[in-house]
Amino acid sequence: MVDVTDKPITKRTARATATLITRPDVIALLVAGNLPKGEALATARIAGIMGAKQTSALIPLCHPLPLSGATVDFDTRDDRVIIETSVKTTGVTGVEMEALTAASIAALTLYDMIKAVDKHAQITDLRVLAKTGGKSGDWVHE
Amino acid sequence: MVDVTDKPITKRTARATATLITRPDVIALLVAGNLPKGEALATARIAGIMGAKQTSALIPLCHPLPLSGATVDFDTRDDRVIIETSVKTTGVTGVEMEALTAASIAALTLYDMIKAVDKHAQITDLRVLAKTGGKSGDWVHE
Amino acid sequence: MVDVTDKPITKRTARATATLITRPDVIALLVAGNLPKGEALATARIAGIMGAKQTSALIPLCHPLPLSGATVDFDTRDDRVIIETSVKTTGVTGVEMEALTAASIAALTLYDMIKAVDKHAQITDLRVLAKTGGKSGDWVHE
Amino acid sequence: MVDVTDKPITKRTARATATLITRPDVIALLVAGNLPKGEALATARIAGIMGAKQTSALIPLCHPLPLSGATVDFDTRDDRVIIETSVKTTGVTGVEMEALTAASIAALTLYDMIKAVDKHAQITDLRVLAKTGGKSGDWVHE
Amino acid sequence: MVDVTDKPITKRTARATATLITRPDVIALLVAGNLPKGEALATARIAGIMGAKQTSALIPLCHPLPLSGATVDFDTRDDRVIIETSVKTTGVTGVEMEALTAASIAALTLYDMIKAVDKHAQITDLRVLAKTGGKSGDWVHE
Amino acid sequence: MVDVTDKPITKRTARATATLITRPDVIALLVAGNLPKGEALATARIAGIMGAKQTSALIPLCHPLPLSGATVDFDTRDDRVIIETSVKTTGVTGVEMEALTAASIAALTLYDMIKAVDKHAQITDLRVLAKTGGKSGDWVHE
C-alpha cells in the first residue's frame, strides 16, 4: 500500500456512475415496486452506501479513509437505470475508488433484484465522473 | 431474503465477465509489470476471489453459500483487459452474484492499480456468461 | 464454541421482536417519509437482514449457519415501531440469535434515522417469539 | 450518508445502557461462572467492544469514526444484568450509535450465553444515557 | 480457489498450537489479572474463536466452512504461554487453517495485552498438531 | 479499549517479521512458481496488507487507525521464507499490532499455499523489529 503519510489532509470529493441495462418491461416492474424481491432502488442505495464504506477492505491497495458523506442516486430510463454516486472525505488520498465501489455494488444489487425476471441484464459504463481536492487537481470527465 | 429452505441442494456453477477499457500504453506497463502499484493481475485475481466470498455480505438479499471453487482469469488485449470468473457451489441457490461480484471487484482493483496513469479508464460489459444447476436449468449467454 | 458436530441437520426457524419507543410526531414524520435521513423502514429492513447474516461474526460463540431466509417487518403504532423478524436455516443449531440480531440491528437503524429529532428514543422488549426445529422442540413465547 | 465534511472535529463521548432480564437462578449460575458456555461477562464485554468498532458497517447511514476508547461494564442484579457502555472519539459526529451498538451486542452475547438455561430472557431499556461534544451540546438522560 | 466441489463431506478436526514467549514477571502479572488492559486469557480465547470464523475472509484461497466447534486453551509456563486450539467441521476440506488462525489471533491478542510491559515478546512454534478426516487420512505431528 | 483520546497525533511506523520454516524442495517449488495453488508470494503479500487493515477488527482491544502505508516483503532462504512488514500511520497509537498482523496473515497464507506438499511447516520468530513515533520513543529490536 503506497506510503501517503506525508500527503496533506484536504477535503476531497469524487462522483462516479454505472448503468444497468435491462428491458423496458423490467423497468416498469421496478418503477411500480412489483419486483419479486421488493424495493429495488432503496435496497440498492443502501447497499451502495454500505459498499463505499467497505472499499478499503475489498480493494487490496486502497487506504482506509474516514468518509464524511456518500450518496447514491438513480435515473430510471426506458430500458436502463443510470446510477450516480458521490463520496466525500477529509483525508490524504482521493475517494474515486469509494465512489466506483458504491456504484458497482448498487448496480450489482439492482441486478440481483431483477435477475429472476431478466437474466441477460448487464452493467456498463462504470467510471469516475469528476473529482476535487488533492495534488492532481480537480477534473471532470468529458 | 427470499425463503429457499425447500429448494434442493445441487451442484451449481456460474461464469461472468467484465472488461476494463484503458489505453495501449497502460496495457504495456501492466504486462511489463511496471505499474507504480505493482503486480496488477495477481492482485486483481486475489481481490476477485476474496470478493466472491464476501458476496452475501455486500448484496443485501443474497443468501450465504459455501463456495467450493472460484477462479479469476485475464485476457489482455491491445487497450483492455477482459476478466472472466468462474464460481462453484453445492447449495440451494445459484452463484451468478458471486461470479459477478468477483468480476466487479477484480475490475475495480485493476482500475485502482492503473488510475495513477489513466484516470479515464472505465469498466464495461459486466454480465453473466453461463450458469448450470438449479431449477431454471443451464444456459449460456449468446 | 460448543461442539455441535454430531447434532442432526434439520430445518429450523425463529421469530423475534423488538420495539422502538419514540413520540407520535416522530412516527408521523417516519410514516410520511419526512425524516432528515430518508426512508427509515426500508433502510432498517435491509440493515436487519444484513445484520442477521453477520450474527456469527458479532456474537463470539455463535456457529456460522447458512441462512435460507430472513424477513424484517414493521408495525407502526402511535408512539412506537414494533419490529418482527423471521429467520430460517437448514442446519445443526437454531437461529434465535440471528432473529434477535436482525431485530436489534433494525431497531438501532431506526434509532439512527430518528435521533436528529428524538434523542430520548429507546429500544425495548427484544426477545424471541417462537422457534421450530431442533432437539428442544418447537415453542412459542406466551 | 449525510454530509458532515464541514463539521468541526471535537472530542465526543457517549454512554448507553441495556438490561437483560432473566431469572435469579440464571444470575446465580452466571455469577458463579457455571453457565454451560463459560465466562459470560468477559465474553460479552469483548463482544460489545468489538461490536462498537463495527457500528458503521452495521448501521447503513453511520459515518466511520476513529474510536479512541470504549468500555462495557456490568451491574448484576437479582434477576437481571444492567449493561453500561462508554465510547469516545475525536471526530465530526457523535458516538451515540457506537455506544448503543456496544450495549446491544453485549446484551445479545449474554442472551446467547444463557439461552440454554433460559429461553425466555429479554433485552430491554436500550438507550443513550449521556453525550458530550458536538454542536447540539452535552446532555444527560433524566 | 481450488475446486473442491466433488470432494466428499466428512467430519474433520484439526488441532494447532502457538507459543508466546515473554518474561516471568509478565506471566506473574497475567496470572494475577494485573495487566493494564485486563483479562488477557479470556480476551485471547474469544479473539481466537472469532478469528477461526474469519479464516476464509483472511486467507485468500481458503474455502468457507461451517465450523461446528472451536476451542482455545492456554498452558501458562514460567516465561511463556502455550496456546492450543481445536476446530471441527463437517465439510469438504480440512480445518488446519482455521486452527492455525485461531492460534495466531489468540497469540497476537496476548501480545497486545502485554505489550505495554514487554515490547520484546515474540510468538513462535505456530504449527498444526494433528488432523482427522479427509482423503489424506489422520495424522499427528511428532 | 484503553482511552487514548488525549494522546497526541504523530507519525508512527512499525516493522515486524515472521519466518515460515519448510523444506528446500518446497522452497524450490515456490520460487519456480510450481506450487499447486499458484503464486505464493504475491498472494501472501496481498493477504498481509489486507490483514493489516483488519487488525482492529481481529484484536479486541486494538484501536482503529487510518493506515497510511503498508508493505510486505519476502526473503527466500534455503528452507524458509523470512517475511518483513512495515506499517505507517498518523495517529494516536502505535502500529506494532498492524505490522505483526500483516506478518502473521502473510505467513499463514504461505502455509496455506504449501500445505498440500508440506504439512509439517511451522511459523516462528513473529516479533516487532522496530518502531518510531509515540511517547515511548523509537526503538529497534536487538
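Letters A, B, C, D, E and F mark the chains as written, and numbering starts fresh at 1 in each.
In this text, a residue touches a chain if its C-beta (ideal position, glycine included) is under 8 Å from a C-beta of that chain, and two chains touch if they have at least 3 such contacts.
Bear in mind that the values here come from a model prediction, so they are computed numbers and not experimental data.
Annotation: C-E is the more contact-rich of the chain pairs A-C and C-E, by number of C-beta pairs in contact. Per-chain Cα centroids separate subunit B from subunit C by 32 Å. In subunit D, the residues touching two or more other chains are 2, 43, 46-47, 50, 54, 60-61, 66.
Shown here, the protein chains touch in an arrangement that is not a line, ring, star or fully connected set.
Applying the touch criterion to all chain pairs gives A-B, A-C, A-D, A-F, B-C, B-E, B-F, C-D, C-E, D-E, D-F, E-F. Per the touch definition, subunit B reaches subunit F in the complex via residues 39, 42-43, 46-47, 50. For subunit B in complex with subunit E, the residues that touch the partner chain are 11, 46, 49-50, 52-54, 66-71, 88-90. Subunit D contributes residues 2, 36-38, 43, 46-47, 50-51, 54, 58-62, 96-97, 100-101, 104-105, 107-109, 111-113, 115, 119-128, 131, 136, 139, 141 to its touches with subunit C in the complex.
Against subunit D, the residues of subunit F that register as touching in their complex are 1-5, 56-57, 60-61, 63-66, 91-92.
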